[in-house]
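By letter and in written order, the chains are A, B, C, D and E; residue numbering begins at 1 in each of them.
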Amino acid sequence: MKTEPHMAEMKAVEWASAIVGDLKLGKVVWLCDSMNTVNTVTSKEELCVWDTFLEATIIRGRFEANPWTMQWINRDQNYLVDAFPKFTLKNNFTFLKFDVRRDVISPCVKNFLQSFKPSFIEMEYVSPEGLRLDGRRPMEMRQIRGEIGALAKADGSAVFEMGNTKVIAAVYGPREVQNRSQQMNEQALVRCEYSMANFSTGDRMRKPKGDRRSTEISLVIRQAMEACILTHLMPRSQIDIFVQVLQADGGIRSACINAATLALADAGIPMRDLVTSCSAGYLNSTALLDLNYVEDSAGGPDVTVGYLPKLDKVTLLQMDAKLPLDIFENVMQLATEGCKAVANYIREILLENTKQLESRRGV
Amino acid sequence: MVGLSLGEKHFIQGGIAQDLRCDGRKRLTYRPIYVETGVIPQANGSARVRMGATDVIASVKAELGKPNPFQPDKGKVSIFVDCSPTAAPTFEGRGGEELSTELSAALHRCLLGGKSGAGAGIDLSSLVVVEGKICWDLYIDGLVVSSDGNLLDALGAAIKAALSNTGIPRVSVAASAPGDDEPEVDISDEEFLQFDTSGVPVIVTLTKVGKHYIVDATTEEESQMSSAVSISINRQGHICGLTKRGGAGVDPSIILDMISVAKHVSEQLLNQLDSEIAAAEAVNEES
Amino acid sequence: MEIDRIDERTPNQLRPLICSRNVLNRAHGSSSWSQGDTKVLAAVYGPKAGTKKNENPERACIEVIWKPKTGQSGKLEKEYEMILKRTLQSICILTINPNTTTSVIIQVVSDDGALLPCAINAACAALVDAGIPLKHLAVAVCCGLADSGDVMLDPTKLEEQKMKAFTYLVFPNSVFSVLPEGSLQVEGEPVENGIITSVTQGLMSVSFKFVQVEDYLHCIERGRAASAKMSAFLRRSLQSQLPSDTLKAG
Amino acid sequence: MAGKAGATPTTYAPSPTTQKTKSLVFKNDDVDWVRPDKRGFQQCRPAFFRTGAVNAASGSAYAEFGNTKVIVSVFGPRESKKAMMYSDVGRLNCNVSYTTFATPIRGQGSDHKEFSSMLHKSLEGAIILETFPKTTVDVFALILESGGSDLPVVISCASVALADAGIMMYDLVASVSVSCIGKNLIIDPILEEESCQDGSLMITCMPSRYEVTQLTVTGEWSAPKISEGVQLCLDACSKLAKIMRSCLKESASSLEE
Amino acid sequence: MGLPNVSGDFSSEMDVDAFRRLFPLRFYERHLVESIRPDARPLGRARDTTLALGAVTSTDGSALAKIGLTTMLAAIKMEVMTPSIETPDEGCIAIDFHMPPICSPLVRPGRPAEAEPVVSKQLCDTILSSGMINMKELSLISGKAAWMAYLDIYCLDADGALFDAALLSAVAAFSHLQIPVVSMNDDGRVVIISEEHQEGKDPVNKEKRKLTLSSIPFSLTSILHKKYILADPTAEEESIMDTLVTVVLDSSGRLVSLYKPGGTVLAYTSAIQDCIALTRQRVKELRNILDEAVSGMEVD
């Protein structure tokens, strides 16, 4: 399905005019940035557009029935007019039919939706048929993929993908402590640095390093990994975990922890158990597993769980926003189930990897 | 950084002198180049290039902006390189910054031509939407994921591949008053314009070890260099930029000789790269 | 002569002083000092081993960190840090703990004029609380100069803005001495008349003849009188808390 | 950083110059145009060097090429930073910065990282680092006024300052750049010429040893043109080195007296 | 350096330079007794001072001041701003003092010197509170456009008495300042009119090309040490004796600032009066130097 900008505009106006008509608003001044649309709607002459003939007729009918006027507005002031119907248009018509490509939602639309959503309309994250924006079921996880030994130079490395989120992790160590003052005589020093590539997000980031968010995530990853590494076996040494986000589409923390686990296993660092992580959220009165970026930025609760599958213990639990206790339990349970699924997958990869190593060495 | 024993050093130097390097290559042979395009779906164009253990990703993002008042008929291109700590622990924190800025500056010099824009690999005037008012700003981001020498050539190749992969949305401009500073534009979601990347040069780095120079040096070989010259050369065999690394002095005639060697190497590299890119694009089309 | 002040003080009247020591648990010494609505918290850590680069290792080093009420520290804060550091250096006996650093951290709680003097007083009390060896105490006052040429002590922020000039003065406290009267005099003036620190802002007095900087001298005179009162207060407040210290130690 | 106490920096618009586009002057490809300062294409600006500009430094020099004015101070050899590991050769540390008023449009006066690393690369091959193991020599440059060819001037000036500080070197380092405008190569370009150049070539070399320590090229060049540019620069470098040498000789003889 | 011999057994054989390094304070005190300083100055004498105007051509006003070896380069760039609503017909001055790493071995790149913000602030306070510049003269069109004068002072060589040299260079830069002729174009932007062709547009500031500087401030820093007062100290003197007093007087004799940040020596009334008297003398000298420099410019 091919949509010309002009067609999109007309569809948007048609759609919006239906809503405005339903709301029975009186005098409405419409602002539109497309001169063509304005001309088509306001002109009294015979319609001569074929691609949007239907829309144009409907709109004209509604405009005649109501005390509405339409004006042209400059591009830089029209986000509000332009963005909202366009986005919703895509949600209703095209979104489910195509692969979700985040670049389709331009940043201004995203900002707009974030700032105006509550006062305007309840966004629909789960369709009546029980499908999410990217076509998943509420309890369905995105495609996950892991790859061990992605980097030749690191002691251990891994790539982990959850849907469109893609993270690369490298482990260096155990090795001599670089900064003598940080050396610990009883256990190994675990360090972690998280960084995002400039191109990882939809709108280009300018200052990726050392901001508060990345410091916080570094800390979360470090704490989660430190809890499972048998640090007491490697006193006076240092283990560095570097996590690089290549693509960000929600669930970054989880993907980072999963990648780090794989990389640590690849490096042969002794661990109590594999830490796996998954997130879950709660939108439209439904618990959703493994939120993507759009769902994550909806502002609803987002529970990230780090889980030790063999010990059946939770090592990390984070949530923002508020949630009734009983629902929280459900959501957390869902996230934990996700963790278990990830754990199974990770175990499979590791086994596969070990088999390969075995065959290489043995034969 | 590279801890090599005296014996290893001699081995590397001796191998180069005998035209048989540690990994079996000759002095002027590149490692196999693997190109993957479209690796970053959010970007307008992207590519990943691997040469041995060197692994880099380049992405191209286009944003609408205002042209420089001194060059109203040209778009803007900027190149940023980031060295991920995954490549080496020394890049942790701000540790990679120095190398990043050096690589960014070198790429800038090698790919974007002179101040007036002459000799640029990308035709800057093709980025203009409305002269003096709207143009595309291209942000080229390079990320070094793994490093085993010859980063500059790899990044140059990755950027070339990413540019071939880049589609810039078609922009239609509505008629507006001439005094209007921000004319009304409509960005198409479906139609994309491809770049002509035949003019984008390749970068050939010749590393001088002892009396000889080698291409595509690994980290170990780089640690033995006295100096290295990176030359960017386009299809016509014209030099589009040149930088020298390493402080040791070199006789001018040697530099001129290096340039002619690089020119020779670049022809093969260009052909190889072009076929790799075409193959990668074909894979993309299929999937 | 009588000028109306907003809070109906007389020109020579200071705002009520409150000083309490040992207000912070983890610091080696601390104090809070308030003059009216201006309140400053001072904490002292140290002496710690080693001095910073570019400092004389043969003497004790003092480091001052000024934390503004809000925001980041800028030029003003850096200047205050420098003045405070030099002022404290002059009252500490630096030869006792060579190659050590004592950190003084000043946190502004609220600013209603005469901030720097308030901070100096707080820092001085905190140093005493930390048991840092001092030659003598320092007492700081702010003297404002109205357009009419009248001097007002310890102005509030509102008053400071209306003044044509004001000056911060720091004096040593009066020393009780067993030595015969006059033996502690320097050039015919008692020790407590010497100025440790002086910072002025705004234009002062046009003078006609050779050495006549009347306004400034006026300020000094009034400042000295006030500092005597303040030093008495400081001494009292430091003494009153001593018994508790001994209790704590025991 | 507003001057008025408490006042926040208000919006300020730089005053634009008259609407005469200077770049048009150069754009013609014919050979007849004249350089803004009436020099010949292959004529350098008069160079002036003076040593001992900064007394606090171990060695320093001031250079003035037309409107380009720079000061370089050399400190050391002195103790390396504590974090540095042991090294049996000396270290060179370079820093180049502009004053806020150096450029036609007021800048931030921050460090120029690219120039700093270029300066480092240009000098490191000329200094006998083995003569000061474990220690660091700091070369700091400040560009007081930018009048074009800033980096070559800084490099040449830095080598004079190093000589003034008594740091052992194989040779002086002289640096010259040429701009390519249309078909012409012009040497030692000024700011206006640099802003509309099609390409540039900068060489730093040790003239007596006839060795190139640094070479950068931007823009599109054919191979013969490169060798022409290189030759042009090398010739100018050796002339420049003579001026630098005579300046050093002068200051040495004035010391003896 | 004909220093009469030193007491003490081993120091008598010692080289003067070595003695100076090992016992700097004793070295100085020995000089002070003789009322002379190691650089052959009497205690109350400032170092040779020179002033050159127009050192940087790319600016609207600049000056290079040298007091002894201490060298300061000050330059002013004029930019246009929209004046604030409270003061629609006043311009603004922004003063910044920089100590680049070239000026002293103590300054390293990336770490600004401790003195930088302090001197910056002091200069700012002094210049603004002296009332030397009438901000109204910086106005272009009331409420719409006014000048923002960016004054940047760079220390090129630091050898004591930084504030004195910085203030002198700042004041000189202001007296050298030539405000460009400008007019308002159709877009409401202020543009410069070149001297040769003035097509149509009327300049908005035909008369106000120079600032009238009333009551110019000058300063003198002195060291108090025991009963001695040393005017205009060098960096060495500042590092050995720690009590500094900076007095700023304006040309009509008013006290702009008396700055004594701590120090082991207490200042009594007589010492303060002596410092002020020294400053008064120095103001006369500096004024002559400034006048000469300015008139020298006008002749050219």
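Descriptive notes on the structure:
FYI, a contact is a pair of C-beta atoms (placed from the backbone, for glycine too) under 8 Å apart; a residue touches a chain by one contact, two chains touch by 3 or more.
Here the structure is a predicted model, which is why all the values come from computation and not from measurement.
Removal of subunit D in thought splits the touching network of the remaining chains into A, B | C, E. Common neighbours of subunit A and subunit C under the contact definition above are absent. Looking at the partners of subunit B and subunit D together, they share no chain.
Across C-E and D-E, it is D-E that has more C-beta pairs touching.
When every chain is represented by the mean of its C-alpha atoms, the one lying closest to the mean of all protein C-alpha atoms is D.
At the far end from subunit C, in terms of centres built from Cα atoms, lies B. In terms of their C-alpha centroids, the spacing between subunit A and subunit B amounts to 30 Å.
A straight line joining the Cα centres of subunit A and subunit D is 49 Å long. Computed from the mean C-alpha positions, the centre of subunit C lies at a distance of 50 Å from the centre of subunit D. Annotation for subunit D: residues 1, 5 touch two or more other chains.
Residue positions 124-125 of subunit E each touch two or more of the other chains. On the subunit C side of its complex with subunit E, the touching residues are 54, 74-76, 78-79, 82-83, 85-90, 165, 167, 170, 172, 186-187, 189, 191, 193-207, 210-211, 213, 215-217, 220. Those residues of subunit A that touch subunit B in the complex are listed here as 2-3, 5-6, 33-36, 74-76, 101-104, 150-154, 157, 164, 168-170, 172, 178, 193, 195, 197-202, 204, 208-210, 240, 242-244, 246-247.
Residues of subunit B that touch subunit A in their complex: 39-43, 46, 52-53, 55, 57, 59, 61, 63, 80, 82, 84-89, 92-94, 139, 141, 143, 145-148, 172, 174-175, 180, 182-190.
By the touch criterion given at the top, residues 106, 114-115, 117-118, 120-122, 124-125, 129-131, 242-243, 245, 250, 252-264, 266-270, 272-273, 276-277 of subunit E touch subunit C in their complex. Subunit D makes touch with subunit E in their complex at residues 1-5, 7, 9-19, 53-57, 60, 67, 69, 71-73, 75, 78, 95, 97, 99-104, 106, 109, 111, 138, 140-142, 144-147.
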